[in-house]
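Once you scroll down, you'll see the structures, which are given as structure tokens.
The following pair of complexes shares a single chain, subunit A, combined with subunit B in the former and subunit C in the latter.
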Partner chain A sequence: MQEGSIAVNEMVTVSCGALIVIGTILTIKESDPFRKLISLGIMIGGVMPFIVDRGLLDVAIAVALIAPLSTLFTLMICGRGEP
Partner chain B sequence: MNPEFILGAFLLLAGTVAAAFPRPRTYLNRLINLEISSWGLLLLMLSYNEALALLTFGGVSALTVYIFVRVLQKKEAAG
Partner chain C sequence: MTPQEAAVMVCAAIAVYAAIRVALEPDTLRKLPFLNVLSFAITGVIALVLPHPLGIVAAAAYFVGSTLESNAIASTYAGGLDRRE
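Up next is the complex of A and B:
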């Protein structure tokens, strides 16, 4: 009974941690810049629930607004020519 | 040793190694790999409950990426 409750409580942490690890390994392994950016988005999606889990909602709002900006800036030099 | 600390340390180490030795050695790959370690540092700050540091670092990291992008654009235009 207690074991099942603990397993369910840790499920969010384990799944978001797996999302972070998978996104990091994919970002390092891929060679195409667009694929790297998509994998980076997977990693950021794993980081975000940890900030919300701490209760820092203002930080979560600021990071959620600012994080896509850096992806947008990187896309400005992704498109042209041979990367 | 909460999970944020462990994941943040892993991200910091992996991102630093990946930014130092990128697979195709281009500036763009280095810039994208640098963001991994930036998010790792953010997770480390989160594990110590530094809300003000998180806000400041989140704002300035996007500015850093913009400056690097401008530098790369000028380098491409020059030659």
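Up next is the complex of A and C:
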């Protein structure tokens, strides 16, 4: 039971670490701002289970509500404007 | 391995697969459904990894926030409302 739990936690940790690495590399490499925002969404999705895993659920709720707001404010800047 | 741990493992595998599909997708608009899939998988991980009543609230908040984010990116990329007429 304990061994299985440790293995599962390690697999979730490795998966979310892979998500953070993929999101960071894509955010650096992409040139279009919309593609950068999508990659930033991947990175924030990888960060969230680490916050929850430590028991910081109030911080997780705050991050889950503030991160899309920052994306919305960035979208106001890089909107397409008049076609 | 309990069924809950198996569910967490499946959610983590789906998240990594969706991230790889987003990374390899050349079209920008086709990235967004896979971003939604990744958000659903992360929501499952958050809800299952810690058995606490507030964990459900955190999962619901992340679900609402990530869906709002990807829909905002999609509508802004598509040009928004047509106000020219």
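What we mean here is this: the second predicted complex is superposed on the first by the 72 of 83 C-alpha atoms of A that agree within 3 Å, B and C clash if a C-alpha of one lies under 4 Å from a C-alpha of the other, contacts with A are read in each partner's own complex, and residues count from 1 in each chain.
As a working rule, a residue touches a chain if its C-beta (ideal position, glycine included) is under 8 Å from a C-beta of that chain, and two chains touch if they have at least 3 such contacts.
Please read all numbers here as calculations on a predicted model, not as lab measurements.
Enquirer: Report for A:F73: first if it touches subunit B alone, second if subunit C alone, otherwise both or neither.
Expert: first
Enquirer: Contact-wise, after the overlay, does A:L37 reach subunit B, subunit C, both or neither (first, second, both, neither)?
Expert: After superposing on A, A:L37 lies in contact with both subunit B and subunit C.
Enquirer: Once the shared chain is lined up, is A:I28 touching subunit B (first), subunit C (second), both, or neither of them?
Expert: first
Enquirer: Once the structures are superposed on A, label A:G17 by its partner contacts, choosing first (subunit B), second (subunit C), both or neither.
Expert: first
Enquirer: Using the superposition on chain A described above, determine whether A:M48 touches subunit B (first), subunit C (second), both, or neither.
Expert: A:M48: touches subunit C, not subunit B.
Enquirer: Check whether A:D58 is in contact with subunit B, with subunit C, with both or with neither, and answer first, second, both or neither.
Expert: Both subunit B and subunit C are touched by A:D58.
Enquirer: Would you please give the residues of subunit A that touch subunit B in one complex and also touch subunit C in the other complex?
Expert: 37, 58, 67, 80, 83
Enquirer: Could you list, by residue number, the parts of subunit C that touch subunit A in their complex?
Expert: Residues of subunit C touching subunit A: 1-2, 5, 8-9, 12-13, 15-16, 19-20, 22-23, 28, 31-32, 35, 38-39, 42, 45-46, 49-50, 52, 54-55, 57-58, 61-62, 64-66, 68-70, 72-73, 76-77, 79-80.
Enquirer: Within their complex, state which residues of subunit A touch subunit B.
Expert: Residues 13, 17, 20-21, 24, 27-29, 31, 33, 36-37, 40, 43-44, 47, 50-51, 54, 56, 58-59, 62-63, 66-67, 69-70, 73-74, 76-78, 80-81, 83 of subunit A touch subunit B in their complex.
Enquirer: Using the touch definition from the top, list the residues of subunit A that touch subunit C in their complex.
Expert: Interface residues on subunit A, with respect to subunit C: 1, 4-5, 8, 11-12, 15-16, 18-19, 22-23, 26, 32, 34-35, 37-39, 41-42, 45-46, 48-49, 52-53, 55, 57-58, 60-61, 64-65, 67-68, 71-72, 75, 79-80, 83.
Enquirer: Which positions of subunit B touch subunit A when the two form their complex?
Expert: Per the touch definition, subunit B meets subunit A at residues 3-4, 7, 10-11, 14-15, 18, 23-24, 26, 28-29, 31-33, 35-36, 39, 42-43, 46, 49, 51, 54-55, 58-59, 61-62, 65-66, 69, 72-73, 76.
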